[in-house]
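Chain naming follows the written order as A, B, C, D and E, and within any one chain the residues start at number 1.
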Amino acid sequence: MSIETERNPWMSAPPESEDEQEQVEHLRKDHLLLDPVGMEAMNQDALGSMTRHGRWTWMLIVVLGGLAMMAGVGWLVQLFVGLGFTGLNRTIFWGMYIINLVYFIGIGHAGTFISAAFRVMGFETRRPIARAAETVTLFALAAAGLFPIIHLGRPWKVYWMIPIPNQRQLWPNFQSALEWDAMAIMTYVVGSVLFIYIGLLPDLAMARERTGVNWRRRLYSALSLGWRGTDRQWALHESVSTIFAYVIIPVMFSVHTIVSWDFAMTIQPGWHSTIFGPFFIVGALYSGVAAVLVAMGFLRRFLKLGYFIREEHFDVMAKFLLIMSFAWIYFYFGEFLVTWYGNLPPEMTILDLLLYGEAAPLWWLMIFCNVVVPVGLLWMRRVRRNPGILFVIAVFIQVGMYLERYLIVGVMLGRPELPFNYSWYYPGLEIPIAIGAFSFVIFFYFIFTVFVPIISTWEVGEGQFLHGLRKIGRKITKFKSDMH
Amino acid sequence: MAEYELLGLFQDVDSAGDAVEALRQVGVSDRSLRVLSAFPLSSKILGRKHYNHKLGLAAGAGALLGFAAAIFFAVITPQLYPIVVGGRPLLNGPPMLILVFELTMLGTLLGGFLGFLWQGGFPSAGGLYDKRIAEGYLGVAVQVDEALLEKVQAAYSAHKPVDLKKAEVKPRPDRRLLIGTIAIVALLAVNFALLAVSFDILHLEFLPDQMKAQISFASQMGPRLGAPAGAVPVPGVALVGGRPATAPLAMTEDSLQRGAILFDIHCAVCHTVDEDEPVTQVASFFPDDGEPPAMTSARVMARTPEQIFTFITDGIGKMPSLAENLYPANRWDVVNDVRSLTPAE
Amino acid sequence: MSRPTRVWITVIGLVVLLVFIGPFIFGVLASVPNYEQPIVEFSHKRHVQNAGIDCLYCHSGATRSPVSGIPSVEKCMGCHEHVLSGEAPIVKLQEYWENGEPISWTRVYQLPRYVHYPHHVHVSAGLNCETCHGNVGEMDIVTPAQIPNMGWCIRCHQGEENAVELMDCLNCHY
Amino acid sequence: MSEQDASGKRRWTMIVDLDKCSGCGACVVACHAENNVPIAAEDQVVADRSQHWMRIERYWEGEYPDVKARFVPVLCQHCGEAPCEPVCPVYATYHDERGGLNAMIYARCVGTRYCANNCPYRVRFFNYFDPVFAEPLNNQLNPDVTVRSAGVMEKCTFCVQRIRRAEHTAKVEGRTLADGEVLPACVQACPTGALMFGDRYDAASAVAKLLEHNGRAVRLLETLGTDPSIYYLKGGTSHVD
Amino acid sequence: MKISRRDFIKVSIAGAASTVLVGCQPNQRYVELEPYVVPPEEAVAGQATWYATTCGMTPAGNGIIVRVMNGRAVKIEGNPEHPLNRGKLDALGQAGLQLLYHPDRLHGPVVQETPGRREFKPLHWNEAVNILAENVKRAGAGLAIWAGLTTSGHLVDLFKRFAKATDAPAPVFYDLYAALHSYDALASACGGALPTYDIRRADLVFAFGDFLGSGPNPVYYGVQFGAFRGQALGKRGYLAQFEPRMSITGAVADRWVPVKPGHEALAAGAMARIIAEEGFGGAERAARAGELAPEVDVAAVAEACDLEAEALVKLARAFAEAANPVAIPGGAPAGADNGVEATKAVQILNAIAGVGPLAPGVIPPGITPTTPSTFAEAQALIEKMQNGEVQTLLVYGANPVYELPEAAGFRQALNKVETVVSFSPIIDETAAWAHMVLPERTYLEGWGYRVVTANTGRTIISSRQPVVVPFYQDEATGPAYSTGDVLLTIARGIPDAIAALPWTDEVAYLKQMVGALPAGAYGGSDPDTRWARYLQHGGWWPAEDAEPAASIMELAPVKVKAAASQGEANEYPLYLHVYTPVMLGDGRGASLPWLQGSPDPMTTMTWRSWVEINPQTAHNMGIKDGDILKVTSPYGSIEAPAYVYPAIRPDTVAIPAGQGHLDSGRYAKNRGANVIDLLGATTDATGENLAWSNVRVKVERTGETINLPIFEDKKGAQEHLHF
């Protein structure tokens, strides 16, 4: 049973009255770290969340698993027969497979950014949602890692891209952006997985102690590596987490820059631009944070984690989203203006195609999803504190960002230098495989929440331990002690 | 003397702090004292010495390893099998930087994590533990020999622990080495499999066709189709109406030299140059009347070049046709060589 | 460990062996070569050493064509019409000759079809047959001196002084 | 006798005289015949997947009645600094120093198609399906050229198999390759003689002589810095107009 | 038995180790070796053998050399020594290999009960020849022979001798090439020989037909055009093209003159009149123009031809003042009802400039050129068939059911013929209606020769020899007969034919013919050497390659008028322009995948036929690319997708011939529509030739739309390519 949720009504406006008791009451209800209910209750609630999947969610899990399997079968057919079922042709050689790669790696970045960067910058709101965000990263990366294999013409030769000695004495070409991709994504996957695992150790130990189910106990005791929470282990844990946090942020920036360099390294009009690196990173964070919002909304609603994930977290994340939308608009307008003002024929062809041509509906839809919806709504406090509306806005942003990459990869490739070879992209087998990929991520996210506590109770506990209330003049405010 | 381990459970930080202070008074060294908690407490809170660990070292070592690997891939491998691309030099700076950064970061991460595992003693078999520690209680664990046992117990009870446990310390096997070796063996097995495939020792034949076999017809591949009867190819035929179609080649130095070499390969199997030389091994099988004549024998010297050319092309008597071995021009070389031979006086 | 767990472990071990190692072993077994020829008694050694026949007599393509060429039945009958015509293998040969059926010799050096190997260039570059094919004169049944894969070719090509030219992939792959 | 530059390197070059090209398509079919290039069925043509290593691009200029059509034969330009080469992760395409060709090694290709995206001329074609040569059409396939399977990139190779055969024959006969001895199938077939082929580094070759300060010589998309090996001689105008 | 864990591990390690030590490598045999039993003399394993022969895809008779690897023909190239195409070849010629190895080729003779049902039963060769022999013997004078223009010279002679011997009607040599290239109209206008011109040193050429793409000799003129553009000292010829629809010749012309269909003759006459009136090009040329030019009012003609008057003046002036101008007749004007006058009008221009077509070479005795019959002769034979006078009809190398308009009534006439025998290697439309098919070997497997149709000042006999062993020697159907051998074996059974056809087989005939030839370019003392050199070099032609002499024709002034169009203007508002496309030729190319799949140079269309329509006209009628249109002429209607074509007159639609097959193999069957169905069987003014141009049609949208299988991007092709 979850801690009763009516303690934080949707629209909590601050009390007008001077009464001290009401102010304390309001602050407690609003801020998680000021509302300790003791580790015991929190552990109970967090572990309970693993078994709170209702009948609907299990049905959804089965459906998603089916869709993922369907995509797997689609890929096997493509493996043995050929890439002809896709919509690719002699002008557009990359399609939705590469779009999915960029999209899922994009989503992957928010998780790491929230847990690592917020940790380094000391944002306290990261505490309850760190693991939820990192799990989005984990499975988005897993899906993203599949697509470089799916999009290959002869996937069984992919071991040639791994630098191992061979009788041909041939080595991979490390000047190719795809080789950098391989290295960067491998580093990032290793980093994210280990970072989650380190954060998970204390919780697994807690789960090992509390769970009654036999197989769970054996699983958690194996996974928790005998964690006892001694001060020496905590000190090591702190410093390794800090090392990971500091290292994984530049790695995160490098991964999406390299993914954008897959396009920027070419001389294809529309791709060959210097700001693709930062532009893609902003896009990544933008869609990533929206994805985390979706995850938070889901956890709060379906796993009844209202106590942990409160409006203040939605509020902070929504502000972050708003800032990211400004950044994205800034970059996109920059690229648009530079192209338009430069008036180079191949670039202008693409601009005309996007604004007035065949791709106009897609482009204007993207603008609506990425600019009008977030900037139009997120400045309102009521919107930022309402998970339902944020969920809708997040989905719009996902659609917008997917379209943005679709326009870059699928549409711009159709306008090469020689006009005779213009073409348009009609995706075929890629659609079921993309649907399969989305269901793959969501399916494993659910499975993860079943096996592992999604809220990091030790972090929340630590946070609550460090926070308290102080009365300054007539106002009671919250403060963070510097005992850390 | 037997070693004992005690674990006291305390309600909150203050009582735990006092207990720690008391234990230290009693003479328990800071090293053998542990404070177990549900979330990290900085050592300052409990007034203890900072525990300096060597994790930075492990991460640094990892970084160096990553850097070395990156240098190997980016600088050395292009020179092992030099392939020039994009009209650029073999080694180019910018891509190397990317590779170095990525692998160094990977090294740091892996180094840090392995260091964490190694120094944390994971997966340790663990000592005394209590379920309630995860619920916010603080555990103070001490490892003392028998002498201090009573004093320590007294110090504990002075601060009213929620619970106090005592256990004999059994030597626990250090499982880190075992887990480490298993991990390394698994990694090597995967590498061995990959190397076996890339060194062509094992062939994954069940994958779709990799252009090894083709549907076009290679040379000498069945079903064989002969040459069209009566057709004349662009270089012309050797014999027209029984006579050589082309005129004999001039007896140039080149022709004679080529003729000599070709004679040794194609003719010396049966024919000898002089009559008095012993018959070759193959020729010995021929019945006496059909024995291959020596080149300077009267029978051969009497032949005209055209006749010799026709014999080489069509064969005569027991001599097989050598058309398959020699182009018509080469046959004239052999004819020139034969005509240039003078009988040994 | 109790008995049932031991049985369990062996069963799981076998399954793992089958799933992971099986394809490799299958791959290995599929590539165990056999070089058995239609006329088993044919021996290079007797032709080269006893009869003193030069390689180029039968494989005359080696100096003028990318393919060295396997001799025709007429080439064998050229001598064997008279030489040792009583012996069993020669009788088998004459049978092939009478009913005009080609002898489909088993190929010993089989390169993948995307590799184009030019014999005549190597021969004219001064290599003799033994360099690559080993001492065929000594072999009754010819077996490959090495696995004819790229590593073997590369070992010589990269040693030459015009290695830059010889290590060019377009030499063999097009 | 062609004396290449000091290091014995060659730079195979083709000249396309746009004034002479009549757009008859003989080169397109000759290339299919020589290099086993598969033909796309109607549905694949509609899906824009026809594979022609040599194609004739026809551009319209002006409106009826003074409308003008321009034929531009486009094939792999064998760029000196090819943008398609550095991006291949497995060195399946690289620059053949010896002949100045842009090599495409089918056996090594993994099928990432990154090279094709980076080719501004779009002269690289991907085998989306296994090519179909209905029995007994496979008898016609040229055994010197690998029939590419599905998942592999392919493009014009300047008929490297013909170059190799000529080089091998010349080497065995102990002479160097004469100018004009080796011609790709398209150059050999072109009725109007619009296509010429030779080694630019050999000053005595017809190609080199023609390129010497030839005002009409221009290269396709030269501003991209790809240093292509194909020179187009722009169409001339006559005294009458 | 219980495996202990330790044993279990031991077993697996031992297993893995043993396999590695054996040292394994691929035992798959990618090449099943099959060396020769008796090797052919010229064959060296791994090297190619080249054979010289003649291209059989077009009647031009280009010399080709074929590369044969391991007994299979892999590449066709032009024969460098051949004086007509000098080593060059067109798309159709290159694709001949796919006819040789076509998957739908007949393996042996087949017989069919009810013609048209396409249910064939295989037959043994000897049986088939016997049946044919009986039918021919029974037919006696009722034998009719219909052959195409690509027929080998020796078969033409054998057919003629056979017909004369059985006093059957003379064989008819007529197919779509003969119709659409208007051989007879051109020949009759130019003194009996197909006019061919040497434009290598011409500085101005007026072309009235697409001589580079769909003319009778595209390769010869291709080679000439190369020299024409790249003359010495930077001199460059000027080309003007008079055509309602821009063909590839129009595309490379410096000036495309979109003359109104049927008015080309008027335009040519007007230019001659302008030269006469304005006195361009010096007194002598003006005087000659004065005599020969037709009396026409230039302004009225300009308005009728929908051209600006001063454009005509400018062109006339250019022609007159050119040092060495040439006007090449042909194309649509020659196919109009006043085709001969139109050709003469163009000849008048040449006459003014003192230029004439190259003189035809002297045909040595025993050599028979394949001269096409006139449409009238073809109609006469159909007439005979209709009246039931024909018992046995032999169809060789032509496909009249497909190639003749419905109105000609050939297919109906077939019902009246007792036995129809076709010699087509693939079941084409005519073979589908035949009772028996004796598949002829393709031209790469057979013997023969072709006298080159172009008159380049000397006679060129292009030899044909098999380059590969005939592909289908199935045991079931026995050794295959070539048609020549079939004729000679049948002749032995007919008493009065024995004298006319005494040879044992066609090779003997050819040897005797070549033996009788005078010493050509390659000499050769005895007949055997001459025969070997004739085959080796690909034919016989006189030694000297001197400047070919041009024959000046004496011409009378001719009355030019606009050609009468077939169909009323109000009911059929648009003109139909029919042409043989570059890739498919007369439809022979439609059964070959290379030609179907290679984009048509002007429209980049593949695998279908199409209707080219002017953008403005299309806009007015609400037609856009891919709309299926119903095109109706007074004689029939077809459906084909629209292709908006910027370079065609607004009042004209153009449809290529060659598609719309009901048979001819899997690549041609049921693709596109046959434009010949829109043509009538009306003859021109002389009554000799088919008037195939100037048919009027109307176009309606059927509402259906398809995606055009085009290679280009239409919007992209409109953009300027910045070089």
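In this section, a contact is a pair of C-beta atoms (placed from the backbone, for glycine too) under 8 Å apart; a residue touches a chain by one contact, two chains touch by 3 or more.
Computed from a predicted model, the values in this text were never measured in an experiment.
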item: Intersection of contact partners for subunit B and subunit C; value: A, D, E
item: Set of chains whose contacts include both subunit E and subunit C; value: A, B, D
item: Closest chain to the centre of mass proxy, which here is the mean CA position; value: D
item: Furthest chain, CA centroid comparison against subunit E; value: A
item: Intercentroid distance (Cα basis), subunit E paired with subunit A, Å; value: 66
item: Where subunit B and subunit E are represented by their mean Cα positions, the distance between them in whole Å; value: 59
item: Gap in Å, rounded to a whole number, between the CA centres of subunit D and subunit A; value: 46
item: Separation of subunit A from subunit C, taking each centre as the mean of its C-alpha atoms, in whole Å; value: 57
item: For subunit C, residues that touch 2 or more chains besides their own; value: 24, 28, 30-31, 60, 64, 66-67, 69-72, 74, 102, 104, 112-114, 147, 149, 151, 154, 158, 164, 169
item: Contacts with 2+ other chains: residues of subunit E; value: 20, 24-26, 28, 30-36, 39, 44-46, 69-70, 72, 712, 717-719, 721
item: Of all residues in subunit B, the ones touching two or more other chains; value: 81, 83, 85-86, 88, 196, 199-205, 208, 210-214, 216-220, 222, 224, 324, 327
item: Subunit C-facing residues of subunit A, complex; value: 166-169
item: Subunit A-touching residues of subunit B, taken from the complex the two chains share; value: 34-46, 48, 51, 53, 55-56, 59, 73-74, 77-78, 80-81, 83, 85-86, 88, 92, 95-96, 98-99, 101-103, 105-106, 108-110, 112-113, 115-117, 119-120, 122-127, 129, 131, 133-136, 141, 191, 194-195, 197-200, 204, 207-208, 210
item: For the subunit A and subunit B complex, residues of the former touching the latter; value: 38-40, 43, 79-80, 154, 156-157, 159, 162-175, 180, 183-184, 186-187, 190-191, 194, 198, 202, 205-206, 209-210, 225-240, 243-244, 247-248, 250-251, 254, 258, 457-459, 461-462, 465, 483-484
item: Touching residues on subunit E, where the partner in the complex is subunit A; value: 712-713, 715-719, 721-722
item: Residues of subunit B that touch subunit D when the two form their complex; value: 83-88, 208-211, 214-219
